[in-house]
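Okay, got some structures for you below.
One chain, chain A, appears in both complexes that follow, with chain B as partner in the first and chain C in the second.
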Partner chain A sequence: MKRNYKKAFFIFMDNQFIFKYSWKTTPKKWVHKMERSEHGNRSDTNTDYPFQLLCFLKLHTYTRVQVSIDICGVDHPSRKRRFEVVHNLLSTRYNSRIRVQTSADEVTRISPVVSPFPSAGRWEREVWDMSGVSSINHPDLRRISTDYGFEGHPLRKDLPLSGYVEVRYDDPEKRVVSEPIEMTQEFRYFDSASPWEQRSDG
Partner chain B sequence: MFLRRFAGPLLAKVKETTGIVGLDVVPNARDVLISLYSKTLKEVQSVPEDEGYRKAVESFTRHRLKVCQEEEEWEQIEKRIGCGQVEELIEEAQDELKLMAKMIEWDPWGVPEGYECEIIENDAPIPKHVPQHRPGPLPEEFYNTLEAVSSLPKIDEQATISKESQPKE
Partner chain C sequence: MTVPATRKDLMIVNMGPHHPSMHGVLRLIVTLDGEDVINCEPVLGYLHRGMEKIAENRTIIQYLPYVTRWDYLATMFTEAITVNGPEQLGNIQVPKRASYIRAIMLELSRIASHLLWLGPFMADIERELIYDLFEAVTGMRMMHNYFRIGGVAADLPHGWIDKCLDFCNYFLTVVAEYQKLITRNPIFLERVEGVGIIGGEEVINWGLSGPMLRASGIQWDLRKVDHYECYDEFDWEVQWQKEGDSLARYLVRINEMKESIKIIQQALEGIPGGPYENLEVRRFDRTKDSEWNDFEYRFISKKPSPTFELSKQELYVRVEAPKGELGIFLIGDQSIFPWRWKIRPPGFINLQILPQLVKRMKLADIMTILGSIDIIIGEVDR
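Right after this comes the complex of A and B.
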């Protein structure tokens, strides 16, 4: 039955083979959820292991993923471990992509993956800047996309869309000053069941 | 007699360049590969038996070692293994050795108790207008390795034995 499956979908399923192979060969301790779909294969792991899993994926002969495309943080406020750090990887030799996800708190620190993937330096800085998930022993952890002296982490769901401060050029002082924002915005709440515009304070 | 011994390396085509920046041509690639693969096979003994990793490494290393020992010229080796140039194969073998050293250090073998792994098989088709990523064909031996890895452990008699992997007696 397996043979026919392979023959019929030969052209479409090649990406899945690399994924299935990686499922069989990675040590079980490292992954606790795997999804295989046409929309993108991903594997979930615990906080201690992303460095090891990524080293494995990089160096092993049949899963040569040597390019780290992106690392981003996703905020799910309803979960206990609210952030999810997603590593997107690409294998140029086998032309396949894979996603590795870890979940983290506000205070959990992730191991940096800079030694196998040098480009991850910037991605990790962005994750730190935007969502506040920091790395242990990161070689260079600074802000990368926010303004100097910005407080807060923009991509968290509790920071409003327009932020808390606004900047304007002040002519008497001849410099740019930042002041609390004049246009406040409440937490936006959408309820598609009702046709009237909803407000968060009821 | 001397002609046969010396004519081999002389008649072989000399590789001018790998075409890849930073990768130099290795003239004695075959010997380097054979030594690396034998070292890999020795190192992988420290991995516990029944681990998918060990089965996979043994399977493809043995196949590649066999190909290298049978074929004399780098061009034939490249064509038969089907996984890029010999210099790339050397790099892969070295990386595998590095990886094995690290794995033995981390020691992640065995399945912890109460281990649950959620496998989601999402076969929802992508809408037709979305460009789909179609990767190219994989080398032949990849499928053999996949079968070797998916085969049941030796205790079970219904193990599917592919032609590459033979359980060590």
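Right after this comes the complex of A and C.
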């Protein structure tokens, strides 16, 4: 009997509820655009406010978004504020997910969300490492995935896929050195936009 | 008689990156006070291969061989999620038979992953049997490249279903044997019970998922919650425990293996006939309702590289991998390459709780705790 009760409660508070509720109750300066699609709900905010918005979403009874699933940085070089930081969130209580997005450029700093969501620490380090968007007052902002002494931010669109340096072990110096990259074959790009077989001639 | 003065300062020990008992290349910087651990800091990035950047320059079909290299033990999950994303973006239906085949493969892969976690000295024989089954279907033991958008690459060979049923029956007896051998073993219990306890609130705060979440009393399983593939048609339960220590995680994984066998048996008995791959893309923007022999007719072909275009939308697709919640955040551009392919590995998040769990534990307990968290560096670093 008890199990049936819970199920009914979940059906009532469906995906769209926390979305509509948060849209109606958060102050307008925090959220400037909200969009709903069949592939998930998203809300856009400014760079100063992710902390407040996420605290609200986490603590409020009707939204209870307690799990930060993912934070990622996206690079759109054609836009003025080229980076977009996306926080993916999950509410286990209401079984719904919501995405909060902020736009930033190379020098804007985002407020960190480490205090409500401790798991965000590593994600923000990765956003800094890969895209170069840093957070203010982050407890521990260092590179996480790239090599010690790597320069540049790999997931920006202007860094090519093969990078600029390659490493090799140098026997006279008895350590690993980095040198500018040397490719014996040029980058092969297959244009598969047409279903007909491409003949590589010429 | 002079007593040598004891040193008061802390000792910093570097474990790894190359280490026989490490689960891959993980470097742990451990601060010790005698034998008690004060702090432990994992350093990642030794296996970073730039999977996300590569994904921006490959079509989905070209990218499929890469995805099995993230979590190389539960490879079907990585493939399933790579294929589910574009399917949901393009609203492609998967035929029933393919859905059942996928569910069987996923559960077999889950068992294989849990078996490897259980210990190479105990479970290798059974893992080899699973790999033989995979080889019969996909042609490769570990790096399968089997899932495709709209279904699977090839159908099950003749007689595979009977072999799989035999394996299930054999496996149940073997799991009973493991349980007798391990679960009542006092040495094992002493090392594992009460070690690395995480409470229910903390688990949600830190965003853990998978067996770690279920061992602390929260019944959250994406297969039940998200209703994906055809898991709704089977009769199975979510396995969970209350205590939140390493023993609870061990019990959850063993019970999950038994539950997976139940699902596989039900799927094998109920598998429908029909196509195993959906070769037609139902909805595409450029040409509307073209005839099959029209010049512009688009379909997902096997060769050359298919011209499946991802529409300009964002999507977060997730799956319940044996380690936790594996997710892909996919931003499509109206082109064959994705614009952003973000991988959300469960090991990355689950590893964050390690410094907190090992405080005040002995040095030898680090390995137990790390083993009970069950991480694979391939997916943590990507």
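To be clear about the criterion, the second predicted complex is superposed on the first by the 170 of 202 C-alpha atoms of A that agree within 3 Å, B and C clash if a C-alpha of one lies under 4 Å from a C-alpha of the other, contacts with A are read in each partner's own complex, and residues count from 1 in each chain.
The working rule: contacts are C-beta pairs under 8 Å (C-beta built on N, C-alpha and C of every residue); 3 or more make two chains touch, one makes a residue touch a chain.
Keep in mind that what you see is a predicted model, and the values were worked out from it rather than measured.
Engineer: Scan A:R175 for contacts with chain B and chain C and give back first, second, both or neither.
Structural biologist: neither
Engineer: Contact-wise, after the overlay, does A:T25 reach chain B, chain C, both or neither (first, second, both, neither)?
Structural biologist: Once the two structures are laid over each other on A, A:T25 reaches chain B alone.
Engineer: Determine, under the contact definition given at the top, whether A:S96 touches first (chain B), second (chain C), both, or neither.
Structural biologist: A:S96: touches chain B, not chain C.
Engineer: Considering only the touch criterion stated at the top, classify A:Q52 as touching first (chain B), second (chain C), both, or neither.
Structural biologist: first
Engineer: Given the touch rule stated above, what does A:C72 touch, chain B (first), chain C (second), both, or neither?
Structural biologist: In the superposition, A:C72 contacts chain C only.
Engineer: Is A:P118 touching anything from chain B or chain C once the two structures are fitted on A? First, second, both or neither.
Structural biologist: The answer is second: A:P118 touches chain C but not chain B.
Engineer: With both complexes superposed on chain A, which partner does A:K80 reach: first (chain B), second (chain C), both or neither?
Structural biologist: So A:K80 meets neither chain B nor chain C here.
Engineer: Considering only the contact definition stated at the top, list the common interface residues of chain A for chain B and chain C.
Structural biologist: Residues common to the chain A contacts of chain C and of chain B are 37, 39, 95, 97, listed in rising order.
Engineer: In their shared complex, at which residues does chain C touch chain A?
Structural biologist: Against chain A, the touching part of chain C is residues 44-45, 48, 50, 52-54, 56-57, 59, 88-89, 204-208, 218, 220, 225, 298, 301, 304-307, 313-316, 325, 327, 329, 331, 335-336, 339-340, 342, 344, 348-349, 352, 381-382.
Engineer: Can you list the chain A residues touching chain C in their complex?
Structural biologist: Going by the criterion above, the answer is residues 37, 39-40, 42, 66-70, 72, 74-76, 86, 88, 92, 95, 97, 99, 117-119, 121-122, 130, 143-147, 154-155, 159, 161, 190, 192-195, 197-198.
Engineer: For chain A, which residues are in contact with chain B within the complex?
Structural biologist: Going by the criterion above, the answer is residues 6, 11-12, 14-15, 17-18, 20-21, 23-39, 49, 52, 55-56, 58-62, 64, 93-97.
Engineer: Using the touch rule from the top, collect the residues of chain B that touch chain A in their complex.
Structural biologist: 51-53, 56-57, 60, 83-84, 88, 92-93, 95-96, 98-99, 102-103, 106, 108-112, 115-126, 132-138, 142-143, 145-146, 149-150
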